[in-house]
Amino acid sequence: MKTFSFLDTIDRQLDWQRDLYRHFHQFPELSLQEHRTAERIEAELGGLGLESLRIGGTGVVTVLENGPGPTVLARADIDALPVTEDTGLDYASTVDGVMHACGHDMHLVALLGAIRLLSEHREAWSGTYIALFQPAEENAAGAQAMLDDGLTSRVPRPDVALAQHVMPAEAGTIGTAPGPVLSAGDSLKITVHGRGAHGSMPHTAVDPVVLAASIVLRLQTIVSRETEPGQFAVVTVGASNAGTKSNIIPDRAELLLNLRTYDPALRAQVIASIERIVRGECAAAGAPREPEFEYYDQFPLTSNDVGAHRTVTKAFTDHFAPGQVFEAVPATASEDFSRIPDAFGIPYAYWFVGSVAPETFRAAVEAGTVSSAIPANHSPFFAPALDPTLEIATRAHVVAACAYLRP
Amino acid sequence: MKTFSFLDTIDRQLDWQRDLYRHFHQFPELSLQEHRTAERIEAELGGLGLESLRIGGTGVVTVLENGPGPTVLARADIDALPVTEDTGLDYASTVDGVMHACGHDMHLVALLGAIRLLSEHREAWSGTYIALFQPAEENAAGAQAMLDDGLTSRVPRPDVALAQHVMPAEAGTIGTAPGPVLSAGDSLKITVHGRGAHGSMPHTAVDPVVLAASIVLRLQTIVSRETEPGQFAVVTVGASNAGTKSNIIPDRAELLLNLRTYDPALRAQVIASIERIVRGECAAAGAPREPEFEYYDQFPLTSNDVGAHRTVTKAFTDHFAPGQVFEAVPATASEDFSRIPDAFGIPYAYWFVGSVAPETFRAAVEAGTVSSAIPANHSPFFAPALDPTLEIATRAHVVAACAYLRP
Amino acid sequence: MKTFSFLDTIDRQLDWQRDLYRHFHQFPELSLQEHRTAERIEAELGGLGLESLRIGGTGVVTVLENGPGPTVLARADIDALPVTEDTGLDYASTVDGVMHACGHDMHLVALLGAIRLLSEHREAWSGTYIALFQPAEENAAGAQAMLDDGLTSRVPRPDVALAQHVMPAEAGTIGTAPGPVLSAGDSLKITVHGRGAHGSMPHTAVDPVVLAASIVLRLQTIVSRETEPGQFAVVTVGASNAGTKSNIIPDRAELLLNLRTYDPALRAQVIASIERIVRGECAAAGAPREPEFEYYDQFPLTSNDVGAHRTVTKAFTDHFAPGQVFEAVPATASEDFSRIPDAFGIPYAYWFVGSVAPETFRAAVEAGTVSSAIPANHSPFFAPALDPTLEIATRAHVVAACAYLRP
Amino acid sequence: MKTFSFLDTIDRQLDWQRDLYRHFHQFPELSLQEHRTAERIEAELGGLGLESLRIGGTGVVTVLENGPGPTVLARADIDALPVTEDTGLDYASTVDGVMHACGHDMHLVALLGAIRLLSEHREAWSGTYIALFQPAEENAAGAQAMLDDGLTSRVPRPDVALAQHVMPAEAGTIGTAPGPVLSAGDSLKITVHGRGAHGSMPHTAVDPVVLAASIVLRLQTIVSRETEPGQFAVVTVGASNAGTKSNIIPDRAELLLNLRTYDPALRAQVIASIERIVRGECAAAGAPREPEFEYYDQFPLTSNDVGAHRTVTKAFTDHFAPGQVFEAVPATASEDFSRIPDAFGIPYAYWFVGSVAPETFRAAVEAGTVSSAIPANHSPFFAPALDPTLEIATRAHVVAACAYLRP
């Protein structure tokens, strides 16, 4: 570890962080219900002598002003998932059917740790550090809630935004990449209308079951024929539902689609294709009413600024040991973090933090069972290795921020 | 009315029948729950000095032995439907959500009337008359329940079986036809298996939504290509359901099919085609498990014996006035009556009884609104004209039986 | 044979008819090329002292005026097929690749025989008899050609029109039916437009191969879902062609459809459905140009007038022996005869004449091989039994005409 | 130009090369018919005092042995295309319908030039240089023909193989990339069998038109659902043909597919999916015979060895000026070159040579019309800028070889 030697004082606070992590892991709260979580964050900030703002209901922000220099915004998400924990950990969730199965507890405690380090070592940096605890990432509602509650006018405008996420890679490593790192995700409910009838009288009906089937098959042609070969695009019909009885032709069918793209122009093209296909199929069927399109759970693209990526990655490789920083491949998951820098009109860097105990990970690599044997995010068995994940994630936040806040 | 002059005594009992009809209409009971209905039938039979048997839970049978001669079985169904009556009749259903919307109350009271006439005029016929009140026609369970409870060994073997059904034709008329008069109806639940995955990872899934869509489209080719043009066959997919979330590819899809045919060989052909198509599509999809086929609500074909049809129709045209007996066209509805004669291995005749007030019917014919303006069976507005429907239906049972039981 | 005893003089002319039949069978001519056939017909009519008209190129008409009374038009078609005869008959076709494989030679010689009988027995009837020899039935062009050439203004307006066709039933029998006896037949060429591209660049194309496939599958739903179950309708895509190379996405696809219906309203419905589906699918595909629809080989419905059917059938049953006249079932083949009575706005009767040697037919019935073992029309083995087919077909024309032309 | 100064002597031989280029361009020959081309190559080699071998009919190989050191094989393809030239060049093709529209004339003359330079400057290198002129690249037959004719046992085993291709980039530039640079391409003819019938009798048929349509739609799911999102895979049905008449249901359908992949495992997966889908659909259709699969025009993957790429690219950047060497993106076209190094089991490097006059190219870049305005390979307007393309391509061959053959 070559740079930012003040970070070695992290040893003094790691037990505090570990206790906090175990606490948050035991008391997870669902999206938009993170009341106790937010209160505890506020209490800890208060314990550090820091004031905080409530923004967006259960969002918490604290601003460390420390002389001239750039302004950096660091964000952690804080909500948990409707998953029943099955890890067997002694600090497993105590809340039935709710679990920090996506590691947001790790994110928030790492950010608390970074705040403490920066707060206690003001000589080591100069500028302004905004730490933001965001609710409701899982349903894509939290970043927007904070923006709707006036975030951009209630904190100084940052120059850059930073965020990180634990992933099933070897604990102790950090993955970065320029450009797209998480896909844009859109959900879409399509309702098509037919005309119901008794099952023995199809000629009096417009059969929405057949219509929906045609649509599902036709939608396949978007990826197979309309997007450029090799370009990333996913059009999944996750649900197709029509009718309840064998002998009643229903009067409508409902499709739930999920789209994933890395390119905004391609995303727009895919959406246009979906609507064109559905309208065309309804016309072919002689549908008595126009189809309805309802978009929901829309996650923006997470695409790292090339400059911010370079700055942060350089700081990581300077600080960490050889082999600790790797080039990440884009993940097909989605995030709402980018709404915040996009609202400010600023660049951002988003990176991954490995969370699997090294011996476990290496054994899985050798056995070729990384994807099958290691519980991924959202699994009831998801259990980050507290050490060294928590320390590395804390250091990463400080190192990335100080890449900008050097005195 | 030229024949069976003893039938003119029906005038003396019609008020009793009308009261019974209003009673049963007010107290409908669902399939297999016809307890009070069965008890009242037993009570009325007792009042006529007749003993009765309980067969199949809520089925009631009485046997009138009256000297040498053939044995005739006459059947009436007695169950009601889960429909909320909206007729506004002063004798409308008093049971919430249950209604005699298919006219079984008319059937059973006509049979009670026929029993009384035959019982009180034993000089007019010779042989054995078995009157059978069958539960649970609506879900195709009642005839089988009576057979499972030993019907064929508990009553004398009949030579012919008779049954009738009210329909939206002019009250006062009777429709008969040789051969198929009601279709065979089969319901079929098909479960196809894929492999679930996150919506962003289709390559790890076998998508059952796409598989089900392919099956639905392919099933259309049975009627369009595989059955003989002009032959009656219906293959309806009344329900197609898979998945609940946009971003989760489910692991199975469920289809509910309803089939209608008039020809047993064609029915077998259609069923074989369905299974062939579904298995082929599952193979094309690389489905990890075989599909499952579960048949239910299976109604047999109702196909009048040509001889029984001729005998009964001749008796009707001899007894009723010109124009009262018409040639019916086959209906696409289904019945379970034929299971009973089929179990005995005997011929049967099944006919329709018009139930719409003549002035109403004729006005609808003139306006071309018969199918749209006249409430059909299963409608909450279904309301047979008590007169003359009840009298004609009662006479029909006696006339048809006496065609065989002439002294 | 009870009526029209003058017909017994047919014995005196049968050898003349047999020779003519063998002649025409040996020298068949394709549609619109029936020059020698027409000339020979004219010559024979001249030999009978009759004048004739040429209408529609190779169509021949003669008019027998014989006092007051109704006017009857009798039509025979005269063209042959591009089939290579394989019957081994000693009077087989001498023209390579052309054969009277549909029996039009029988039709025309029977009509010549009827003309001679009526011409020589003018005492037996009163009115006007128009005998019409029509070219080009096989490609649906001949009736229209005669109409286009002024038929309706060049002959007296008939009161009824008559025509017959040999079929693979027992020779000596005649089949009649009211209403539809031959289906309407329509051919339709559909061209759909995509945008071509190299096979490795589907994203720059609009793929017409996929579009055509969607259309073909969707067209199945017309018969399976949109026509009434049991109603006769056929929608066949006989040809679907697109592309010539594996690695070039073509810019269009071509579908050839054939439709069969018995009901004009249903025919119109099916055509509307086809166009709706094709347009909808092109819209779904984002096709750069509208599809094109080109109708060809359109055969009208042949549907006997109920009154004409009754009159003619009564005359047949009065004249022929019991069992010789049977009720025909509608055939799925098509004819252009009805264009002529439709142009005049008059009723018509069309019947079938059995042409299989009785012993052969009865053996096939017993063996259950009627459809497999007896060569049908258009087969290279099609060979009507000259006797008694020719006599019965001749008598049928006279009997049917005299049903109207009784003195 | 910093390295290999002996290459400056190229000026002395460029006119000879230009004349040769114009000659070959004027006299193009189709695949496997390159007789005059091969003879002229042999003559030129003879003029340089070199012996040559005929391998694979019209393939020519010469081996320059020059002391100890590695062995390098350099390959040029020599066949032309069935394209009618429309360039208007004064040295345009004199052969009707045949044209060097893919630049193989450039490849072969550059290789002749390289041979002459190496032959005349033996002091500048040490080792063995094998120059191979391959026929029939366009139909993927030539490399295999040379291997079948014993290539691997008739020349020394090389240590590395080299090849290049002109492309529509700025003349004077060279593009290289590690790993896949050209896709694997496979063509596949699929024949599916139905049972023919008259169009009015679909129930006696197994309709191959409907079967082919189902297959086409189902094949779309390979790319849309079965390959990993973002992975390059193309499954194009370039031709789908069945039937010739509207009213005849044909007995078979034929599909021509083209596949493109960069990954051998993915290619195998796609082929397995195609066969699975086609077999499953045939089973669903009740096809009377198994489908047939016939693979043809199969091009292997061209994927540069990482080490060879690095060695060659380093030599290029050392020799050429800044900006002349760029990183190429993989092209979706295909080549059969790699069969040769694969048969030897040796690494290879394959690069692209720009061939568009710089001013033309830069104007097109500015106008955003590179893909639309510049004639690409296989176009009748394809016309490489002779200068400096020929010189650069010649130098490239020498530089790449000498990266291995340094003394």
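Should a chain be cited, it is by its letter among A, B, C and D, assigned in written order, with residues numbered from 1 in that chain.
One rule holds in what follows: a residue touches a chain if its C-beta (ideal position, glycine included) is under 8 Å from a C-beta of that chain, and two chains touch if they have at least 3 such contacts.
Everything quoted here is computed from the prediction, not taken from an experiment.
When the contact pairs of B-D are set against those of A-C, A-D or B-C, over half line up by residue number only for A-C.
Look at the CA centroids: the one farthest from the centroid of subunit D belongs to B. For the pair subunit B and subunit C, the distance between C-alpha centroids works out to 44 Å.
Rounded to whole angstrom units, the spacing between the C-alpha centres of subunit A and subunit C is 72. Centre-to-centre separation between subunit C and subunit D, using Cα means, comes to 58 Å. Averaged C-alpha coordinates give centres for subunit A and subunit B that are 58 Å from one another. Counting partner chains per residue, subunit A has residues 200-202, 207, 210, 214, 217, 220-221, 224-225, 229, 231, 234, 260, 332 touching two or more of them. Subunit A contributes residues 200-203, 205, 207, 210, 214, 217-218, 221, 224-229, 231, 273, 276-286 to its touches with subunit C in the complex. Every residue of subunit A that touches subunit D in the complex is listed here, in rising order: 217, 219-225, 229-235, 260, 332.
Within the complex formed with subunit A, the subunit B residues making contact are 183, 185, 187-189, 198-202, 207, 209-210, 212-217, 220, 234, 236-250, 253, 256-258, 260, 297, 332-333.
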